[in-house]
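Okay, got some structures for you below.
Below, chain A partners chain B and then partners chain C, in two separate complexes.
On to the complex of A and B.
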């Protein structure tokens, strides 16, 4: 019997912190998953080829995974521009996955020089030259970092040839069709417009004062949870919108307001409707929501 | 004879240029090629934004950057007359989550760096289960971290005055179970004995499990006594479990930030850093020496600052931290406040320094804040201490340690015993 050939993954890094590689490594079924593929290069794992091989030979690759922001010139590895190398592999690959916000939109590292640094196919929300070349096989997994399951599930979907529906930034809808607010245990406080009184409380919503972007951030963090157990809003940290093209905005811990309500509305919600609803919700003072959930005895 | 070598899978890459004389490494120039400008990205941003941006320096020690960053703000506020007193609960949670990250990073070093590299040196086929072990152990310990911090990597749960989480006993029990599971892994797989037995054993040769493979291979390849550098150590980060101070022939607990100097290196995007114009080693070995850990001191008498003791200190720290983490959780009082600063002042001026111990050593953040905005931000990473090319007077710590190596392979293993992180070094 001839062994079926495995799909070849090449994981290439540009201007990055390595956060996506480490995030993926915390996938609970990492080993089972990765063994279904042939990893020809990976920044953490020992692999059959060296970086020098990747850069100077033309290796075969089915799935190109890129991590980090790109610039046309000035980001070299082994004396070669990494963007050019990535594009040459992108031409041959069947699938291109941009993991993380940097490789998708430019992310944190784009801020150093927005003129020359951007994502692989987008600069913030604007498609660049590479987009025209690669849009047919591009899948975006923005996030800072991308959740391990987003990467793992996508690879498995490609392997099992399942239908992968994408949004206008090429993000899989099964992940990014939700907003990060869905599943937040603070949602009752959101509904009744009860603010958190400070950091460090399980009670209260972070949307009104503390900068939480979850209601308008496309991600399923609060549905599938981080590291299987938690999420930013579950531990009282606002969502910083890390799956979106404008990440990271300024003043991340403060909510900009307009007429007393957050300046940015939950996805698809008309401002007037929200204003009316806020007025109604706030007119009721619900005792339970203004008290601690648990009162430990001294 | 000059040999150029691109060293990879060190959280990025570095270029090493070896100069061999009479078959031995005589000099090494280490260069890190790329600079990402995190400090400049922070300019003019709200002071609190640093808590979100600085973890992005590094995918593997992001949590240490968060803690350094919040400490810099708190130190600045204190100096500006706004007193910040953390509750023991907030202190313990920060200590716990930071310890989780250090332990996770050490697991990755043992299984993804040391074992594959040593087996490569010997041309032995590497079993896949090292990746499995690295992934299982690191995944489970960062899961315990994430219970309190929300996620790993890149959490921002430490805020001026404490932490943003408000854990229940249920959360603590879940974290305790994970620490126990990981401890069991360490006993069964990493050292092949219980931690109690380990503390009774005063011989490296008695250690079993995967660590014995590491120590045996180092001995077989005659590298256990290689890698000696200046035998100078320094620890800046204040923690309940570590001691601050320096060692240079003698101990001193009197250290000051004012004696630290950063310098631009011509060949590299990484700045060198010195204390009183001298290069110092930071990291698990420095922490063990400064804390006068008796087992490490015994070995130090014989091996000085060689590769063996550098590796051993990383193991010993892993076990100590796991025990420490257990006690932190056992004593956590959920009734205390998580955050004592009721409101972050708006247009404040502050000039603060935050120092922590990260997996690879002392990490320092310094911020100057005016009108609530960051004017200047400076980060000094552990790997700058260990891996810079040094000063005009002396080679850097790792460069010195590689001198005398018989081959590029041996020298790069010595280099890797410092647990190299390229992204942190340049940031």
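On to the complex of A and C.
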């Protein structure tokens, strides 16, 4: 009996911090999962071929994973423009995964030069020339980094030939069909408009002053959690909106306001509706929500 | 069923309007529920079918006036073609027209709501009963900052300047102190407010 051929993964990096490669290593079932594929090249893992082989030979590849930000010229590996190499493999691959915000939208590196640096298929929210060529097989996994399970689940779905529903930035709805606010234990404080006193507190909402972007960030961080136990907002750090094309916004720790009103509303909420509820909620002073829960007595 | 509800709604509004006029003219404490009943030809007992107490009626009136004024400002906010200066002009115009044509609406706010805070507690705590109006002013400010016309600042420092100014002028007008008609001041006051708040 002939052993079924494994799908071939090629993991290519442009300019990157390695964050997504490392994130994937934190997947609790990483070894089991990765052995279901043939990794023909990975910048950190031992793999069958070297970077020189990738550049100089035309290797077969089913899944191209790209990490890091791109530009047409000036980002070379082994004396070759990495964007050109990535595009040549993208033509052959059945699936293209942009992992992390940098390879999806340009991320942190794009801030250095917004004229020439961007994602593989998007510059912020604008599709670039590569998008036209590859949109039919493009899957975006933005994040800073992408959660290990986002990568793992996507690879599993590809392996089992499941239909992968995508949003307009080609992000899988399985992950990005939620907002990061869903599942946040601070929701009650959000509803009653009670600010957190500072970072790291268990009580209070981080949306009003501390820059939390969870109500308008597409991700399931507070549903599946990080390291199986926590999330930024759970430990008192604002969500930085790292799955969105405008990441990283300037002044991450501060909420932009228009005369005291958050400048960006939760997804789909009209300003008038938000303010109407806020006006009511702020009119009441709920003792339990304004002191540490541990000290509250009926 | 719908007809009955509408009829009840109309009756309710007529009580609010009558009470609004009497409270504004004669003062909150001097006006009684029988006075209000007499004015609209209703029995005193029946009024209590609509409002459980004079305090609750007073709270409902401030909600009513806030919503009427809020609705007017909402119409201005929704006119995207207007500049912020033009919107300020229209808000001042709406406020002063109301102070002239329906003085009881503004008088009630100044002479009952602000002067009898002990009545507006519980469900009317803080600014909850004037939320209909405040919400529209907040939207006006946020839109003005967003389009770059207004300077970003604390909401209340801008709100106090705007509404305190209008309330003060309406009060002076009510006391017959102003040498000119209230509408004669619209242009200057809109100009002053815009210059004070502009970016």
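In this text, the second predicted complex is superposed on the first by the 293 of 298 C-alpha atoms of A that agree within 3 Å, B and C clash if a C-alpha of one lies under 4 Å from a C-alpha of the other, contacts with A are read in each partner's own complex, and residues count from 1 in each chain.
Note that in this section contacts are C-beta pairs under 8 Å (C-beta built on N, C-alpha and C of every residue); 3 or more make two chains touch, one makes a residue touch a chain.
Since we're looking at a predicted model, the values are computed, not measured.
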> So, A:263: does it touch chain B (first), chain C (second), both, or neither?
Replying inline: second
>> Applying the document's definition of touch, where does A:201 land relative to chain B and chain C: first, second, both, or neither?
In response: first
> What is the contact status of A:279 with respect to chain B (first) and chain C (second): first, second, both, or neither?
Replying inline: second
>> Contact-wise, after the overlay, does A:223 reach chain B, chain C, both or neither (first, second, both, neither)?
In response: neither
> With the two structures laid over each other on chain A, which partner does A:236 touch: chain B (first), chain C (second), both, or neither?
Replying inline: first
>> If we overlay the two complexes on their shared chain A, which of chain B and chain C does A:137 touch? Say first, second, both or neither.
In response: neither
>> Is A:19 touching anything from chain B or chain C once the two structures are fitted on A? First, second, both or neither.
In response: first
>> For the overlaid complexes, name the partner, chain B or chain C, with more touching residues on chain A.
In response: B
>> Under the contact rule defined above, give the chain A residues that sit at the interface with chain B and also at the interface with chain C.
In response: none
> In the complex formed with chain A, which residues of chain C make contact?
Replying inline: 74, 125-128, 131, 134-136, 138-139, 141-146, 150, 152-155, 158
>> Residue numbers of chain A touching chain B in their complex, please.
In response: 13, 15-23, 25-28, 30-31, 34-35, 43-46, 50-52, 75-78, 108-109, 111-113, 144-145, 198-202, 221, 226-237, 240, 242, 248, 250-254, 294, 296, 298
> In the complex formed with chain A, which residues of chain B make contact?
Replying inline: 6, 8-9, 11-13, 33-34, 36-38, 40-41, 45-46, 48-49, 51-53, 56-60, 62, 90, 108, 112, 116, 126, 128, 131-132, 134-135, 138-139, 142-143, 145-157, 159, 161-166, 168, 174, 334-335, 337-339, 342-344, 423
>> Touching residues of chain A toward chain C in the complex: what are they?
In response: 257-261, 263, 271-272, 275-276, 279-280, 282-284
